[in-house]
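By written order: A, B, C and D. Residues from 1 in each chain.
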Amino acid sequence: MPLLEYLANGLVFSSIIVLGSIGLSLIYSIAGFANFAHGDTMTVGAYAALVTFGTVGGLGGAVLGLPYGFFVALLVGLSAAVVVALVTERFVYKPLDVGSIGLLITSIGVAFVYRAVVQIRFGADFTRYGIQAVRPIEALVPYGIRVTVHDVAIVISAFVLVAGLHVLLQHTDLGRKMRAMADNPDLARVSGIRTNRIKLLAWVIGAGLAGAGGVFLGLFNQLAPRMGFNLLLLIFAAVILGGIGSVYGAMLGGFLIGMINQLTPILSDIRLLTDFGAYLPYVPDSVGITIGIEYANAIAFVIMVAVLLVRPNGIAGEAV
Amino acid sequence: MSESEFEFDDDTETSADNVVLRVDDLQKRFGGLVATDHATFEVERGTITGLIGPNGAGKSTIFNLISGFYDPDGGSVEVNGVDVTGAEPYQVADHGLIRTFQTPRKLEGMTVREAMLVGPRNQPGESFIKLFTSPGEVGEHESKSLADAQRILEEFELDHLATQPATDISGGQMKLVELARAMLAEPEVLLLDEPVAGVNPTLRKDLAEQIRRLNEQGTTFLLIEHDMEFVMDLADPVIVLDQGSVLMEGPPQRVQSDPRVIEAYLGGGT
Amino acid sequence: MADASTDGDVPPEADADAEDDPGYWASLTVAEKGVVAFIGLFAALLVALLVTGGLGPAYFLYIVGLAGMYALLSFGLNAQWGFTGLINFSVAAFFGIGAYGAALMSGSTSPIAGGFNPMYGLVVALVAAAVLAVIIGIPTLRLRADYLAIASLGLAEVVRLVILNQREWTNGSAGVRGIPSFFEGWPVLSTFPEAMPGLEIVVIPGSPILLETSFWSALLNVALVLAFVGVSYFVLKRAHRSPWGRVLRTIRSDEDLARALGKNTYSFKMQSFVLGSLIMALAGVFYAHLNLFVSPGDLDPITTFYVWVAVILGGSGSNRGALFGGVLVVTIREGTRFLNELQVPVGISPVRFVELPIDPAPMRLLLIGVVIILVMRFRPQGVLPPQRELIWPSSVDESTPKTPKSGVRESKAGDTDE
Amino acid sequence: MSDHVLSLSSVDSGYGEVQVLDDLTMHLDAGEIVCLVGPNGAGKSTVLKTAFGLLTPWEGTVDFHGRDIGGMAPEDIVREGIGYVPQTDNVFGSLTIDENLRMGGVARSEGLGEVITELYDRFPILDEKRSAKARTLSGGQRQVLAFARALVMEPDVLLIDEPSAGLAPNTADEVFEDVVAVNELDTAILMVEQNATKGLNISDRGYVLDQGTVAYEGTADGLLDNEEVSKLYLGG
């Protein structure tokens, strides 16, 4: 029964999606638009880590099968994503005089620029960090769970980052200011909150989490210029599922979408539209859709749309 | 209005003849908040009925429920004797009920005249097919609409604004344009949501006169208004809403002197 | 149509202007002048390239065909986003459905049908696109604008995945080959390219321009796309300035207002969505018969964003803007190919290209990205935004007794009818 | 130069390209309540927005305690000692009452707890609902919270935009009483009010604005008694 393994993989993949979706949701509620460059911000983080790891390499000992150098690379990847996002905010979004839809469209242009630059520098092919692959954790194999210590590291890191954000939002003045600004930016300004700083902070946190998510995505799968863009739709699905603009909804949505995505193999025995060819001329009788893993993303989108039909504001559906 | 639009069952219910809008036991909840709590009232044909009540009494919610913008949790709405509970706004409009909004809605990139032309209902030119199968009919109707729009703008003394961009006129003028446009839809009953909120005293008088004039020509009005002077002067009867249900209704003098109303709403100052 | 001169109370300067009859050029806005100048220069450049042999005539016509295709896609998106404000990020899906509908009906390697007259392919493609539009529209058209963007992008991805993975329907990544020309089976036209003699035109001695069979078949393609573009432009122009179009513009500005005035906005949005999707599918049908090969790569989301660039560049809500934007995007797309390539690509369509020293894909991506950012920064309303009062043409003159004292911003006197 | 707390001199201002204020001059003295009345579109709210840095004056000066604050950002003007209560959306609906008040004091370096405690004493209705989300408050209670939020900074001047907008008449009366109570804390108040008569009734002085400039000025009673003003602007 591979179910446990799927669940374990789901947990790992969810961690990455959650890192992406929190940032997307935060930027939506504070900067006020759906940022289509968010996926490519993850790519930037991953490639920055690739370059760093190539330079610092093994660097001393290792934690959870990951050399210290990897954590240096993680920090650099995270920081690179933050820097790139801040530069973009300053020179692209800030001078714009358009509404939220205009910003959305602009962010697509930004996404293309990020991706094009990565592709021009690194080529379109897949690549990996030079980290030795590790064997699944022995103790869990008897239960049918094949996860590596790297996977565990991803989950733990994501958990630490998310818990940190929760403490920040709920128990610090900075977090309250962020919530105030998400609630009513004009009033926040009138109350004396330096809203430009809060907006920058949202970009820092959002892009930082995305950068970290990108680094982990590279570790979980591999790196490619399209990696972030390909994940973007899943992240959007997660954010919408949780209720766009709600950070806690994004966590829940990210968890669900990650799980659903990795649990798709369970569905592979199901055939849709089986034999429907028998009712149509010229169509072979055997035609039908088998839900294979190639439809993992498609299922997430279909679920997203189905949720929107029933609950237009998502599952959580409340601001921050 | 074309006769065919109203061949429903207004013959079967003779008592409905005089009642153009009937709200029966209407309920609406938002989460834990009860916005409309078993509200029941009727609007008689030919009246200007005022709907007043403290802030949060659920006046706008009732408008949204009647006009089809919200679905009620219980109760029913009848327009012209036809049950329109849970119907879409355009279906409610089909039975002769049109509404306006509290904040004037401006149409980007349109002139006032174009914005007016959205008003007439069932224009043949609104059918994509007819644009190609019977362009003559479309053109004829469009000419008629244009002439009607021009006439109504003149009646409202707004014709000098006809070719101004709709985004360039003042909020008060927009309120008048909205009323004028709603008239192009030839409503039997018109719901006005705070028609004079944010309108200066001079335009306020214009609006009152226009409403009275249109009422004399046969349009029934239901209006929400906070300006007591305006509503008490214009409306009869007045319905008082409190906490989502009808506190009382009656002629303005009786409402103004009712102790319950003073307690809940008017206070000592007025 | 300077009816300003018929009006007595215009200020003297305006009268003088009207009497001078400034002519077409002076009546244009700055942006319009720029566009006309650009088109003139561009045409001159193309002619120069053609004459000097820098551009093969068949390839030139292929580019014209592509430009027509992008113009169609831009029209389709303009009918959705420009008219109604629907953010459709599934342009590539409708384009793909059109292309696959045509290919699967007429292509010789089609796993389903194949070998039918392309006219059947056209009909099937349009029906399939309409059905898909309704299926995508039902859940998404009730949503907020940015939700529609995300949902439509997701659903487009579902369509792409199905076409990529359902090999027994679509051949999967192998694509469909052996698609005939659109006029296959038609009298006269089907044999027209072969029947035409090869011509050799010498403008500059030593570099003759050869007009061969490939040229004549490309010419037919251009005629086909011009017909598609012409019909679409006519339909959209009429629709845009009709009461129907007015309701769409009201929805774009304020949907609740349209609802309150008794318009069935969901139905109008659906009509606009289906109409746009049909035009996009038409572009796909044309593409299948231009390229004679379709593959899942044609459904890449990048196509969607090319078209978005065309529409926002041209000016949302403006048909001539969409036309201009479509042409410009092909220039960018093919220009990046062209810049990296010194040899002229030759061959019967599909035109094949030599392997390039630099991958043009990321360059193109970069360029498109930069163009989007620059347009939103410096001219968010696009180059040719709609600017005239849109009222059914025949009604304006007879029903308006007075000449506008001041028209819509940027509009010109007497320009309510072009 | 003068003992005006706040003064606007020959100010032109507006939105984008549209000019609203035209050579407007007015002032506010310590401890006063001054009411701005006039027809819609006369520029009443624009005066407050220009004084508070939400709009930058095109011409002229905005003087606070002898210092030109024209064009300073609102978040800095708050720190100078001016508070602003917008007409609508003037509370953070998804934050608790307590959090709303804390947001009012983000610019305070010390004494936040004490000020908030004082405000709770003064407005018991807020005390009762400390940890309730602000969106659960009624219209009148919201207005009180909005005042209290602005008072956390203990401003010398409070700018209030249409305190009675959208309120039932008796609630509006209560809110006007609160305005007077706030004024008694030594806070000068510049208020815009659509209901001119009620607004002037609680004010010391008033300005009648028309087309972006001052048409009449005087004591509140004087304006109320002025027949011309009453006929043209007060709807009497």
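Basically, a contact is a pair of C-beta atoms (placed from the backbone, for glycine too) under 8 Å apart; a residue touches a chain by one contact, two chains touch by 3 or more.
This structure is a prediction, so every number in the text was calculated from the model and none was measured.
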| item | value |
| --- | --- |
| Farthest-lying chain, centroid of Cα atoms versus that of chain B | A |
| Separation of chain C from chain D, taking each centre as the mean of its C-alpha atoms, in whole Å | 54 |
| Distance from the mean Cα position of chain B to that of chain A, given in whole angstrom | 48 |
| CA centroid of chain A to CA centroid of chain D, Å | 45 |
| Distance from chain D to chain B - Cα centre to Cα centre, in angstrom | 34 |
| Chain contact topology (line, ring, star, complete or other) | ring |
| Touch relationships between chains, expressed as pairs | A-C, A-D, B-C, B-D |
| In the complex with chain C, residue positions of chain B that touch it | 67-69, 88-90, 92-94, 98-101, 105-111, 113-114, 117-119, 121, 123-128, 131-132, 135, 138-139, 141-143, 145-147, 150, 159-160, 162-165, 181-182, 185 |
| Chain A-touching residues of chain D, taken from the complex the two chains share | 52, 54, 74-75, 78-79, 84, 86, 89-95, 99, 102-104, 106-107, 149-150, 153 |
| Chain A residues touching chain D - in the complex, by the definition given at the top | 173, 176-177, 179-180, 182-184, 186-195, 318-320 |
| Contacting residues of chain A [partner chain C, same complex] | 33-34, 92, 95-98, 100-102, 104-106, 108-113, 115-117, 119-120, 123-124, 225, 233, 236-237, 240, 244, 282-284, 286-287, 289, 292, 294-295, 297-298, 300-302, 304-306, 308-309, 312 |
| Parts of chain C lying in touch with chain A, wherever the complex brings them together | 87, 111-113, 139-140, 142-147, 149-151, 153-155, 157-158, 161-162, 164-166, 168-169, 305, 308, 312, 359, 361-363, 365-366, 368-373, 376-377, 380 |
